[in-house]
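Below, each structure is written out as structure tokens.
Paired with chain B in one complex and with chain C in the other, chain A is shared by the two complexes that follow.
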Partner chain A sequence: MTTGILLQIAQTLAAILLAPLLMGWVNQCRAWLQGRSAPPITQPYRTLRKLFHKDAVIAHNASPLFRFAPYMIFACMALAAGIVPTIANDLPFSPAADVIALVGIFALARVFLALAAMDIGTSFGSLGARREMLVSFLAEPALLMVFFTASFISQSTELPIIVQALAHKEFVIYPSMAFAAVAFWMISVAENARIPVDNPTTHLELTMIHEAMILEYSARHLALIEWAVALKLFTYSALGIALFLPWGIAPQGDPSALPLALLAMLLKMAIGGAALSLMEAISAKLRLFRAPEFLGTAFLLGVLGMLIHFLLEV
Partner chain B sequence: MTETLNLPDLVHWAWAGVLYWLILGFSALLLQSRRRLLTRVIFPLGALGALFIAGVGAAGLVAPTSAIILPIGLPDLPFHLRLDALSAFFLVLLGGAAFGVTVYAAGYFRNMRAGPLGLLALWYHLFLAGMVTVLLADDAYAFMVAWEVMALSSYFLVTTDHKIPEIRRAGFLYLLIAHVGAVSLLLCFGVLQGGEGDYTFNTMRLAEIAPFWASVAYLLALFGFGAKAGLVPMHVWLPEAHPAAPSPVSALMSGVMLKTAIYGLLRVTFDLLNVQLGWWGTLALALGLLTAIYGVIFAAVQSDMKRLLAWSSIENIGIILAAFGLTLIFYTDGKGALAALTMTALLYHAINHAFFKGLLFIGTGSVLHATGERRMGHLGGLIRFMPWTAWLTLIGALAIAGLPPLNGFVSEWLLLQAFLLSPGLSQPYLNMVIPVAAASVALAAALAAYVMVKFFGVVFLGQPRDPALHHAHEASWAERLGMIWLAAGCVLLGLLPSQVIGWLAPVVTQLTGQALINDAPSASAWLMLAPVSAERASYAPLVFLAVVLTTLLLVYIWVRRVYHGRVRRADAWDCGYPEQDARMQDTAEGFGQPIRQIFEMFMRVERERPDPFDRHPRYTGASHDKLWFIVYEPIAKIVGWLSDQAGKLQHGRIQWYLIYSFATLIFLLVFVTR
Partner chain C sequence: MSLTYHLQIVNLLAALLLLISFAMLSQRRIVGLITLFAWQGAALTLSTGLIAWSTGQHHLYYSAGLTLLLKVIGIPWFFFRLVKKLDVDRDVEPMINIPTTMLIGIVLVIFAFNLALPISQMSGTVMRSTLGIAMACVLLAFLMMITRSKAIPQIIGFLSIENGLFFAATSATYGMPLVVELGVALDVMVALFVLGIMSFQIRESFDSMDLKHMEKLKER
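Now for the complex of A and B:
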């Protein structure tokens, strides 16, 4: 039990510390693909350090909610990172929250971000909040549908049990999971504010979603939010790996498999990050009202995946 | 025999609570103009009555069923009252929510502008007493009398501000649909008694009814109770009547009165009828999901805060009804454990909704009080002037949005678990329907978060959209206490799900013959919820909260220790355009615009766009419920036409009326002599 808790804490800390690295890698790949000279992979850490050292500038009419939200969002993302198996599958936390609760954690963080965005009362903030909620009201049920497909196969909503079940059905391809994988990819892109739904580097009013919400934040608050965003990308990648490429995650009670699991995880993340930047490089951002269609497609794919499970696999 | 105290049965105590409220109500009438006495004595005493009722209910959950016959009413029709686990649960719900709301009402009505407060206090307590009697009634006669007391007293409460024409119109619509529903219930009881001529519920339980007539009774009950609960398409009165009433009354109507309809539906379907058919469940599931989606879409496009909450009540009733349908499906399919799970989710959501919707409605009451404004387009920034109200309302908003670790999440989680456990139903088409149903529930829950961000963000955050809002004052202490009680309910119901499920067990067993098993390891059973099997799913909200809070604190301390906590205040970034004012913020209409655009097929949108050269441009937009035009206006036209035709018979000439009488006499004579 104590080793379990230690492993749990180590894994959560590793996720928190490695998350900016993944962000740096994606940025680097994208710069290469766009023919720019790339920033070093450690650039996100430097940005965070710079931001933490700065004085926070806060609007006159900011309420306590505005200052509280970044901590809340960061804590939610840390909890989410703690639940998803990245290296080991032996997580004493995980019975506390299953995949449905995981969706709930993401929703909690999102609601706080949207509320904080509306707090100052600039037109950008509420515009961003509205758009974020628009994207999420379709992405959230779609994500649930993906999880449901996985739970129907594994007969559980606990992530360690899902991973165990999926990892041990040796390379059998489930058609339902193929649909779910496509849906999950689309949802991850939308939820992490990447092209084609949102553009993480934009500051153009007409297109911003996520950036519009955090426009009023600076210094340590901004740093926490940026870190939480990196952590979210990391958690989603870990989730994708756990659901669709679970091979290599160390099973319960087998510490000797850990180094290999760490290597496998890093490799899978690197490939996933490169794929994400490739997709960003070759696609254009959608008009805002095309985004619901994009996510509606993801939602339908998720539902289809579930139906196919009932048709073909039961 | 260790029992030395010879206390009367619990049902006597519950009836004593009813009488207590009646006495309070009528003594309030005597105190007509003594406003201080009314708000300082009558309402707090009424709140104690609510606490007492909740206590009786809590005891009734574990005590055996008790019944009495009261010699009141018509000579051969005494009132039969009975308190079993189902009634007891709804008494807890009623008492728990009504306590918070009544404490709040004591503060709220103190500063209410003109209006006969004594009369209002009478209707208020009569309303509470009526609802308790509905829950206790054990014969159709007592049930209908109590049902009408509830409907009429709430009608008078809705029309408190009867000088405003819209409120009179809302009240009329409410009264009309309440009575259409009541007629349907009367017919339902008529079918249920099975030709015995005896209208006690006991007779109905024993009556042998053919499946066809059972279906007729079920459909009548679904229609009658659905009209009261706000089931689409009988929902039209709800967004009119709930906003019209004073806020504590809206809170009671949304939080508690809608649940009496759910109680009635459960009573008729699972207790009085002794056959249940599978298609009933499919019908209820479909209607419930339609109601949930329809309600939440319209909630998203509202710009009046109380109307938004009323539509959100429709959504929640839809979710409860979907759980009801699912319970019926599982129950008739012989899946007892699953039926127990969905029944638990249903009851859990019912009590959750009583708490968070009560909280939100009284929160809007305080806003209304402080600003005199219900339109969200004229509010904003209130978190700075009314921090207590804002933060307590935030708890309610997060709870209703189904976010962990609050209570709304638990019931939705249980319901989603039930969908996940459904494979293996004997009818294959149901196996296909259920994933789609799960998707709809998830969609409704996600949209509810959208609605709540809009509600809280526009009302409490941002800049005040009206200069007068700078003088908004915080709610009084009594109001705050009421809100704190309900918010504490939301938090506790969210954090201690395994205890709550333990309390629900007798009710679930009574209805579905089986209780929900918590399969968590016994050492952690008090903090972990694991329905059916720990391998399948588990949720421990206390651990969840502890981890979030610890992380939050650690991060805070780390940032402060390693870096610094310096803050500079500055103006918000204005994009290089300094002429910005509070009117340029996103409005409620603006926030709902994406939803309106996506779901425009459900609405009739009326927009007035200004001319580009207009010097004083005004933009107005309204989204109306299309069902009103599709269903209700044609009905109203037909009724109008029929009454016009009937009116032709009446022209005030006495000789024609004599001819009518004569013709009727001849007709009857022919009829009789044949």
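Now for the complex of A and C:
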């Protein structure tokens, strides 16, 4: 039990500390693919340090919610990172929330971010918040469909049991999971504010969604939000790995598999980040009103995955 | 589940066929549509070849080869040339908008799966559960023919129906006899040429590939 708790703490800390590294890796790959000279892979850490050293500027009419929101968002993401099995499976913390509650945790962070964006009363803030709500209310049911497909296969909504069923039993090809994987990819692109739904580097009012919401933040608040964004990308990657490429995650009570699990996790994350930047480099940003179509397709693929499961795999 | 690996891969390819059918339904450009059609043919070839290998039905190899020649190489090449000659590669807005079409598509898939359930229980092949997917592909291709107004997407929809029927035959009864299959292949070729020549004629008479113009054809 003690080793379990230690492992839990180690895994959560590793997620929090490695998340900016993944972000830096994605940025580096994208710069290479676009033919620019790339920033160093540690650039997100430097940005975070710089932001933590600055003095915060807060609008006069900001309510306490505005100050409180970054801590809340960061805490939500750290909690989610603790629940998803990245290195070891079935840690003491994971029964705290199943996949449906996990979707709820992401939603909680999003609600606070949107509220904080509207709190100041600038037009950009409320514009960004509305767009974010448009994207997320379409992405959430699609995400649930993906989780339901995985749950039907493993007969449980608990992540450790899903990973157990997919990784440590006899290898079977699940066509339904192929559909779910494509759907999950599209959802995580939308949820993490990447191209083609949102562009993380732009500040053009016609296109920005996520950036519009955090325009009023500065210094440590901004640092926490940036860190939470990196952590969200990390958690989604870990979730995708746990659902679709779970081989290598150490089973419960097997410390000897841990080094290999860590190595496998790093390798899979590196490949996933490179793939993400490749997709970003070859696709153009969608018009905002095409985003519902994009997410509608993701929902459709999730539903199709479930139907295929009933047809082919029962 | 106690299926062998190659049958699992056939199942995966069947799912891929359905995915490509949906992609065709949502595709706006004609060139993209032709590429997707070629991919559908490739998935069909692979699955037929795998079924032939796993069940020892040798005539299926010929069907797979015929599919490869005709549907992956021949027809797409013909269409690419046709599109180039007619110069019609532009975005086509379908008559019903795409999200609605997709939703109708899901309803069709559910309908096809339920329809195929009793039939596949009567069939004795190992691949019987993919019959529902084959029927869904046929219905989705029908839907594509209905929602498009241009001539070439309609022809592709027609050929895609044939793909679905071919897959249905393979999954329900290990394919039709070779003579029938050769006949069907010949029919498809002839249909293709007739439709190709007809699209030139349509273009010549109406100055457009939009079949809506043909509805106005009335005797005065």
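Simple rule for what comes next: the second predicted complex is superposed on the first by the 311 of 314 C-alpha atoms of A that agree within 3 Å, B and C clash if a C-alpha of one lies under 4 Å from a C-alpha of the other, contacts with A are read in each partner's own complex, and residues count from 1 in each chain.
Criterion: contacts are C-beta pairs under 8 Å (C-beta built on N, C-alpha and C of every residue); 3 or more make two chains touch, one makes a residue touch a chain.
Nothing here was measured: the structure is a model prediction, and the numbers come from that model.
Look at chain A after the overlay: chain B and chain C fit there side by side. Residue contacts after overlaying the shared chain place A:Gln155 against chain B, while chain C stays out of touching range.
Legend: residue contacts after superposition of the two complexes on their common chain; A:Asn61 is shown touching chain B, with no touch to chain C. Of the two partner chains placed by the overlay, neither chain B nor chain C lies in contact with A:Ala298.
With chain A as vertex, the superposed Cα centres of chain B and chain C define an angle of 90 degrees, given in steps of 10. Touch criterion met: A:Asp98 reaches chain B, while chain C stays clear of it.
By the touch criterion defined above, A:Met145 lies against chain B but remains apart from chain C after alignment on the C-alpha atoms of chain A. Of the two partner chains, neither chain B nor chain C is touched by A:Leu166. By the touch criterion defined above, A:Leu307 lies against chain B and chain C together after alignment on the C-alpha atoms of chain A. Between chain B and chain C, more residues of chain A are touched by B.
By the touch criterion stated above, A:Leu48 is placed in contact with neither chain B nor chain C. Once the two complexes are laid over each other on the shared chain, residue contacts for A:Ala129 go to chain B alone; chain C is not touched.
Put simply, chain B and chain C get as close as 7 Å, counting only Cα atoms, in the superposed view. Chain A uses residues 292, 303, 307, 310 to touch chain B in one structure and chain C in the other. Residue ranges of chain C in contact with chain A, taken from their complex: 1, 5, 8-9, 11-12, 14-16, 18-19, 22, 26, 98-99, 102-103, 105-106, 109-110, 113, 129-130, 132-133. On chain A, the positions that touch chain C within their shared complex are 172-173, 175-176, 178-179, 182, 292-293, 296-297, 300-301, 303-304, 307-308, 310-313.
Remark: chain A residues 52-53, 55-61, 63-65, 71-72, 74-76, 78-79, 82, 93, 95-98, 100-101, 104-105, 107-108, 110-111, 114-115, 118-127, 129-131, 133-134, 136-138, 140-141, 144-145, 148, 151-152, 155-158, 161, 205, 215-216, 220, 224, 289, 292, 299, 302-303, 306-307, 310, 314 touch chain B in the complex. Residues 380-381, 383-384, 387, 394, 398, 401-404, 409, 413, 416-417, 419-420, 423, 431-432, 435-436, 438-439, 442-443, 445-447, 449-450, 452-454, 456-458, 461-463, 528, 530, 534-540, 543-544, 547-549, 551-552, 555-556, 559, 562-564, 566-575, 580, 582, 584-586, 590-591, 593-595, 597-598 of chain B are the ones touching chain A in the complex.
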